[in-house]
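Presented sequentially are two complexes of chain A, the first with chain B as partner and the second with chain C.
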Partner chain A sequence: MKVMAGKYLVIFITQMKNLLEYKINILLKLIRPFVMTAAVGSLWLVLFKLTGRDNIGGFTRQSFIIYLLTIRFIAVFSPGGASIAEMNEEIRTGNLAMRLVRPAHYLPWLLFRNLPVPFISGITGLILVSILTVLLGADLPKAGMMLLFVCSVIATITLQYAIYQGIGILSFWIYEVFPIERFYKSVSGLLSGELIPLTIFPATASEVLQFLPFASLAFIPGGIFTGVFTFEQALVRVIVQWTWAAILWGLVITTYQRGLEKFEAQGG
Partner chain B sequence: MAEPIIEMKHVCKSFSVPVKGQQGWKSIFYRKNQTVDVLNNINFSIDEGEFIGYIGPNGAGKSTTIKLLTGILYPSRGDIRVMDYNPHRDRYHYTYHIGVVFGQRSLLEFDIPVMDSFKLYQAIYELDGRLFQERLDEFTHLLKLDDLLHVPVRKLSLGQRMRCEIAASLLHRPKVIFLDEPTIGLDALSKHEIRQFLTRINQEEKVTIILTTHDMGDIEQLCERIVFINVGNIVYDGPLDTLKNNYITHKDIVIVYEEPIDVPDAFVSLLKEKNITTYTFNVPNAEVVSIVPALLQLGAAYDVSIHEPTLEDVVKIIYSNHIHA
Partner chain C sequence: MKFRERSIVKHFRILPEYVKLAVKRESEYKLGFYTFIFHQLVTAAIWLLFWKVLINKIGDFGSWNYGRMVLLTGFVTINMGMWLTFVFIWRLPRQILTGELNSHLIKPVHPFLHMILQHLNLRSLPRILIGVLILIYALSHFELQYSRWSLVVAGVTSFLSFLTSFMPFATICLLAFWIGRAEFIRDLFIELFVFQNYPLTEFPTVFIAVFTVVIPLIFSATVPVLVLTKLSLGWGMLLLAGLIIIISLQLWLFGFLWNRGLRRYESYGG
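For the complex of A and B:
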């Protein structure tokens, strides 16, 4: 068991070395979340100014910026489109065969290969959190709520990996999965609360949206951190998140096994 | 006699491919498929320590066979057993005991030094540090890897990379090795080094090796037994020498005369080619000894040489016979 864990750890370390060969790429990855926050944040500040309101959808100017930063902090852990591209390439060209003939399972192999990016971006995450707490003087959630927040963030990351690997796995059946990725991104941009907190939508719509998997990606953790929910509400939502994560991972694993049966290892 | 280490019994493989010429929106959601049979009833068994040359023209089904044997694909019908494993079903545990090299694919990490890839595979195969180091030292010596270990893979030449690929696939001391065109695109020296290396691990470690190649030099130097596949069927399985003897029935006698000669009627049917004063006669093996003196009587000769068809020629004959059969 110890050795088993060891092999995936070495996969992680090896991929980290690979990444360090491309320093500009890393630098841009570190900077990107700040640019994103600045872009969305300034749009909203303009909106606050134009409407003259100091509360939109239950958010004040300050809590809104904190909401955005929290979401960015979580988003840096996403495996990103590159992970889909890599999987698509391996399946399409048949190079996946080179991994199948080694004693390491492909899905965890991929998972650990994808971890270094979020690991590095985690540094950005830390800076964002410092900004939150120190500069903006955010009221941190109380212990119980904080615990829920942590559970929620982990659920979000788990879910994100399921979605990205899931889209990658479609390559067993579909030649080009990138349009699907883009489609997913635009839908989730709208429905996850990444750009617009879901409380802005009409009450029933907002309620429904909060129980779709998209909300689990941004609105739920962001909302928990900024005190949108009561403790009970937050608890229910975290359970919903984990339910989605379990369902999606179940789907990913069964789809992968189906895919392997279909895999034809073209070429060579 | 001991059990064979590899056994394929009545193995068939077919793929399903979309029927050509389907267009329009409907084809996004529904595509008509047809099956193509790539392997038909393949049978062979291989004993421990054998070095098999698995040959056949492009598209014969060699790579498909290797993918079945390595557990990447599952057979549509029939049974495959390697050691005590069913490759597809037991793939994970099975892969600890086999080594696989595909000449056209890489298992090395492209951007980082070769050594980092070796370390990765050390971890994946759960190799003990000391054994790994011993093996690495041995390979470094045999495959001349000293100068390569700390170079990123992308900077290696093809021959250098292939030596590293082979080392990376064998660090875990597999009992059976599958090599699919490992010498493709390599220069004579690289080929030579790889052949030497393979001979050595086959002889000293009793490793069983299956090699596919289009290079008959590989086959002649390495394999005693060849399995010949064509359009999904095995057309020959036996010693290399027998194959040669079956097909090499004639030799070419090339004589350079001082001036053009008149070929007597008795020899006209033997004349294969004439180029100014150089005459090539194609003579049955058994008659070579008696015919050479007679041919030398036909005029003053500068030079005479006797050529046996190469394995390359033999294979060409078999390929064309079966393709047009």
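For the complex of A and C:
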């Protein structure tokens, strides 16, 4: 077990060293979520101004900006996108066969290989968001809520990665999986609370959406950080997040095994 | 060799060949083609739902009611459809960096045109159709006042406006001639495209100025909607003239940097 863990850690460290060779890339990756937040946030600031409201869907101007930044940086944490491309390429070309003969399980190997970028940008980003929260005069979550927030972020990353791996694994059956990835991104943009917080939807829709896996990707962690939920509400939602993560990972592993049975190592 | 030295007719003659090639390419991957179209439908539906939810909750977005937002979504969908037809531009920095540009430089046509025409993305055409259908729906379903001429001017503005986002994007990609890895600046720049989806006239003046002159995304959808439903025909024509001037400047800047970049290009890759 120890040897196994060490093996993946070596992959992670090697990739981290490669990444640090291109420091400017990391800097630009860190700027990107701010640009994205500025783009989406400006619309909401205009809305606050036009309507003259102090509160839209349970968010003040200040908490809205913090919410948007938080969910952006959580999204940055996910190592998914790159792994889809890599998996698709290796299955299509048959190169997966070379990976399978190595003494490391393919799925964790892929995870640790793609982890350094989200690791650095995510951690740095969340520190920046915390500093910004304080500078904007908003309160950081109390210790208990902060703990739930951390659990929620880890659940989000786990769930997000399961979804991306699931899309990548479809390459065993489908030649092009990128349209599926884009479709997923569009749908999750709306249903996860990335474009519009779920509290702005009509009451019933909002309640239902909060318990779907999409909400776990943005609204739940963002809502916990900005104080939308009470402790009990947050706890329930974190449990829901982990339940979805467990279900989806179960599906991913089963589908991967099925895919390997079909794999012929000839490419296609 | 410069573009003006070559026959424009020659470029038009190769276009049908590349269209045939693109059709064959798409017919190879039917599932991908249909999934892509489905994704485009969903994207348009999501924006329509977004505005519906928002306007139901907080009322009109300044002077923009839901009918206008539907028009806005229609024009953005057309614009992005046209943009995606030439989406290969996305790979220009890589082509420059790796020396792959060579394969276009040795052809007896303009290398830039050859590059984007060779990789036409026909999957985007249904998106243009979806945009047109959204416009028809908005004009027939909501009580929007418009004249036949304003529809023509708005249509021409919308058609040309894709160049106002495409050319700055292409120009940014040219930076790869000088800085090598321009992908990160390109990726940052593309994030700004979300502003096309917004009614920019309601934004602060500084935003309006930037998105009119520097990155003229205001012409993608906001201006066509205004020309169609609010402004007089005279204003519409004036804005169209302004758009043509901006595009001319963008084309000149692109041509200038392209020629300068080619002088630096060593086809060595990196």
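To be clear about the criterion, the second predicted complex is superposed on the first by the 246 of 268 C-alpha atoms of A that agree within 3 Å, B and C clash if a C-alpha of one lies under 4 Å from a C-alpha of the other, contacts with A are read in each partner's own complex, and residues count from 1 in each chain.
The definition used in the following text is that a residue touches a chain if its C-beta (ideal position, glycine included) is under 8 Å from a C-beta of that chain, and two chains touch if they have at least 3 such contacts.
This one's a predicted model, so the numbers in the text were calculated from it and none came from an experiment.
In the superposed model, A:D139 makes contact with neither chain B nor chain C. In the superposed model, A:V46 lies in contact with chain C only, and not with chain B.
Considering which of chain B and chain C touches more of chain A, the answer is C. When the two complexes are overlaid on their common chain A, residue A:K7 makes contact with chain B while staying clear of chain C.
When the two structures are aligned on the shared chain, A:E207 is found in touch with neither chain B nor chain C.
In the superposition on chain A, A:F183 makes contact with chain C only, not with chain B. Shared interface residues of chain A, touching chain B in one complex and chain C in the other, are 22. By the touch criterion stated above, chain B contacts chain A in their complex at residues 15, 63, 67, 70-74, 91-93, 95-96, 98, 100, 102-107, 109, 111-112, 116-117, 119-126, 152, 180. By the touch criterion stated above, chain A contacts chain B in their complex at residues 3, 6-7, 9-11, 14, 17-18, 21-22, 94-95, 97-98, 100-105, 261, 263-265, 267-268.
Considering their complex, residues 22, 24-25, 28-29, 31-32, 35-36, 39-40, 42-43, 46-47, 50-51, 53, 56-57, 174-176, 178-180, 182-183, 186-187, 189-190, 195-196, 200-202 of chain A touch chain C. The touching residues of chain C, counted against chain A in their complex, run 29, 31-32, 35-36, 38-39, 42-43, 46, 49-50, 53-54, 56-59, 61-62, 181, 184-185, 187-188, 191-192, 194-195, 198, 202-204, 207.
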